[in-house]
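In what comes next, chain A is part of two complexes: it sits with chain B in the first one and with chain C in the second one.
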Partner chain A sequence: MGGLPKTVELTIGAIGTLAVFSFLYKENLAYRYMEHIYIGLAAAHGAVLTFHNQLKPLFLKQIGAQGQYSLLIPVAMGLLLYLRYGPKEWVWISRLPMAFWVGYNAGYTLAYDPKVLLGQITGTFLKFSAKTVGESINNILFVLICVFTLVYFMFTLKREGQVMKGISAFTRYAFMVALGVGFSNGIMARVSLFLGRVQFLLGDWLGLVK
Partner chain B sequence: MPWAIAAPNTPPPPTWGIFTPGTVGQFFFVIVYSAVIYWLISRAKAGMPVPEIRKIAGLDAFDEAVGRATEMGRPVHFTPGFYAFSSHTLAAFSILAHVASLCARYDTRLIVTTLNATNHPVLEEIVRQAYLEVGKPDSFNREDVRYLSGYQFAYTAGVVGIFHREKVAANFMMGWFLGEALVIAEAGALAGAIQIAGCPAVVQLPYLVASCDYALIGDELYAASAYLSKDPVMVGTLIAVDWFKMFITGLIVIGVVFANLGSKAFMNFITK
Partner chain C sequence: MRRQLPVWLGFIAGMLVIIARYFAFPGFTQVQKTLDNWAMYSGAAAFLMGMINLTIVHKTNIQRRRENWGASLVLLIAMFGYFIYGLFTGPDDKLFVSIFNATISPLGSAMFSLLAFYMLSAAYRAFRMKTLEATILLAAGLIGILGNAPIGAAISPWIPSARNWMTEILNTAAMRAVTIGTALGAYAAMVRILLGIERSYLGGRGD
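Presenting the complex of A and B:
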């Protein structure tokens, strides 16, 4: 696609971008308009996507052509959710698929989380005397912070006594360092996203930057 | 010549004849863990003594935030995060019950938003129940529990708009958040709302700590939900998790000692 349609597409995108950025000044009509368009577009996109990627292949291909009738069970469970809009005496039925969903998630967590957890535990079995001094310090700090963080998040232990207070203070400092690193990392990513939009406005739309 | 003939890929024989290799430790871990949780929940339900949960710093701010919104005559906003029916969402539900109860008691408007359609009926039920429990079922407004969009940033744009149009005075962000965390929290700060966040997502915590007035970090979200709800199931589970943290701490200490002695015996034992 090129020529006029492309220019129109870019201009609509640029107007949308500028309308969203106008929020940095204050909440205004342009932002509000774009917010509603965004939500409306997302709803429309979601509906079309669900129809083409989920419902159509499910009913026409899997159930209709391949005869996988067992798939009607989750369909029925999904439909039961809508009974909450039905007569009051039937509303309780809508909770059954919810209960199934919660139970499924709890079971899944119980079955698959221990594997990850054990991997994390064995990952802390580090040698304090590593190949380099830097690595050794790294390993010692890693184990100390890991153990102290676990102690920090034990909610039945009261933060009384010098040892607990010391562990708590040490862990807080470790958190501050970790959160600081995370914050700066995130800001870099956000700046990168912002530069992407600036590149779009000045380069793709206005052609001022090649 | 590794490409010439590949060795037949035969699966290793099962451990003790029944277990997939590497899952024996996990199996016993789950069994013991479940048994301890069941035992502690039973004790808590029966009113028998269980270890006390210490108060989490930041919980007092809940009353402060709702109180401030009440004084200003402005609404409170609550979001349970990104996902549906995960442990953090369930914790967020318990906290919502407490916040909704406070709002209902003080006649403060509560707006709950979600980007997960499956959360919506549960959220509505929780808020309705809270209003019912304080004897004000007519004050519950179904329109204030809103599913905005299933798309992350469309939802975020909606929340940002609500903050400014409805002049939200207090914002609760409880649950798992992704990229929308900073955008929502910044919009809350711009709107002048007192903000309390609770999030176990390490990646998003820095933004929430920086932009919110109070933050429940990591497991404090789960502890807060148990502390506030006093629900024996949650209290029992939290204590069991605490005990397992102690157990895991012990495993780590022993494992590190063995590793530094140059032995892999312990590692092999727990990954059997």
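Presenting the complex of A and C:
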């Protein structure tokens, strides 16, 4: 079937966007309905993509054409999850696929993640004597802040003595700067998303901005 | 058995991945590949879980005529209509893609962009100059916001530079420490899961 005309597509998108933004004034029916439509469509979209991109090739190609019948085992295991909606005495069986996924992912994290983390740890210890004085100061600051932050969050260490108190104070101030700038980056990312929606409304939809 | 079997299954699955990674036993590369496929296809087989959960929740809303039950009805109609249509036509169908472009894509962006206002409102409350720490937070936040916008460079060229320096040195260093800390905590949690000490993910009542 052919798609919707571009104008209709844009108008529906614009009405939806305005309904979502109406929440900024107060909770209302337009927002509530649009939110529900979004959730429903997103859930269906995910299910359709999984079916066509994973399950269909699995059954038609790998199991049907190539005869890899062992792949029916994971499919059966995944189907066990639906038993949580079945009779009470069978509900525990739905824990099996969940346990498999959690165990597999725990093993995967322990097997593959430390390599990435070790790279980050070694990358933290930058050279104190760099090419320029400015770079050296930056490197020293970087190492100190990272190490002191780790020390600061070790709650088993008592904050007694001038050294520990000094480290605590320095870390607190450095951390406030880090949080402040991190928070501002987060805000600006959302603001740019908002500007994107305004451009969509005024530009793509109404054609007022080019 | 009802508690022990899932724990053992998780332990075996996790240990096989670890052994395949750290020990070069013959044939274990194939075991790893098989487990990867199993994880992927068993997850795919559970593709209806989200829709079933939504259906149960919203069916109850409609049956009990709870507040906004009409929205629940609209949700179910949209979900099943789009799902059945997509199931028969496929994800490349023009109308299927068109509905995505007209609804999911703009609504998703609009929902996330709403966060800008809530973050700003949270910032207004958090950034009050009551203590020295809050003042530093406010100053860093302001420089960060101004440095990210063209007005920052118009006021003074050092504002974007200061913002970049704070992001690259101070923020990266502090977040690196947080990453190291959370990763170590996550590893401890993973070991607890594999050994069956942590079982809350199984849910249920201890039977």
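Simple rule for what comes next: the second predicted complex is superposed on the first by the 202 of 210 C-alpha atoms of A that agree within 3 Å, B and C clash if a C-alpha of one lies under 4 Å from a C-alpha of the other, contacts with A are read in each partner's own complex, and residues count from 1 in each chain.
Everything that follows uses one rule, which is that contacts are C-beta pairs under 8 Å (C-beta built on N, C-alpha and C of every residue); 3 or more make two chains touch, one makes a residue touch a chain.
Source: prediction; values computed, not measured.
Q: Using the touch definition from the top, say if A:51 reaches chain B (first), chain C (second), both or neither.
A: In the superposed model, A:51 contacts chain C only, not chain B.
Q: Counting only touches as set out at the top, which of chain B and chain C does A:118 meet: first, second, both, neither?
A: After superposing on A, A:118 lies in contact with chain B but is clear of chain C.
Q: Is A:155 contacted by the first partner chain B, the second partner chain C, both or neither?
A: first
Q: Is A:190 touching anything from chain B or chain C once the two structures are fitted on A? First, second, both or neither.
A: Touch status of A:190: both partners.
Q: Given the superposition on chain A, which partner contacts more residues in chain A: chain B or chain C?
A: The larger set of chain A residues in touch belongs to C.
Q: Should A:127 be classified as contacting the first partner (chain B), the second (chain C), both, or neither?
A: In the superposition, A:127 touches chain B alone.
Q: Is A:7 touching the first partner chain B, the second partner chain C, both, or neither of them?
A: neither
Q: Which holds for A:27: it touches chain B only (first), chain C only (second), both, or neither?
A: It touches chain B, and chain C stays clear.
Q: On the A-aligned overlay, A:98 touches which partner chain: chain B = first, chain C = second, or both, or neither?
A: Once the two structures are laid over each other on A, A:98 reaches both partners.
Q: A:66 contacts which: chain B (first), chain C (second), both, neither?
A: neither
Q: Give me the intersection of chain A's contacts with chain B and its contacts with chain C, in residue numbers.
A: The answer is residues 20, 23, 32, 34-35, 38-39, 41-43, 45-46, 81, 98, 101-102, 105, 109-111, 114, 117, 121, 124, 143, 146-147, 150, 153, 175, 178-180, 182-183, 186, 190 of chain A.
Q: Within their complex, state which residues of chain A touch chain C.
A: 1-4, 8-10, 12-14, 16-17, 20-21, 23-24, 29, 32-55, 58, 70-71, 73-79, 81-82, 85, 91-92, 95-114, 117, 120-121, 124, 138, 141-143, 145-147, 149-150, 153, 172-188, 190-191, 193-194, 196-197, 200
Q: Give the list of chain B residues in touch with chain A in this complex.
A: 23, 25-26, 29-30, 33-34, 51-54, 56, 84-87, 90, 118, 121-122, 148-151, 153-155, 157-158, 160-161, 164-165, 182, 202-203, 205-207, 209-210, 217-220, 223, 238-239, 242-243, 245-246, 248-249, 251-253, 255-256, 258-260, 266-267, 270-271
Q: Help me check something: in the complex, which residues belonging to chain A touch chain B?
A: Of all residues in chain A, those touching chain B are 20, 23, 27, 31-32, 34-35, 38-39, 41-43, 45-46, 81, 84, 94, 98, 101-102, 105, 109-111, 114-115, 117-118, 121-122, 124-129, 143, 146-147, 150-151, 153-159, 175, 178-180, 182-183, 186, 190.
Q: What residues of chain C sit close enough to touch chain A in their complex?
A: 2, 5-7, 9-18, 20-22, 34-35, 37-52, 54, 56, 68, 70-72, 74-80, 82-83, 86-87, 89-91, 93-117, 119-120, 123, 127, 132-134, 136-145, 147-149, 163, 165-167, 169-181, 183, 186-187, 190-191, 193-194, 201-204, 207
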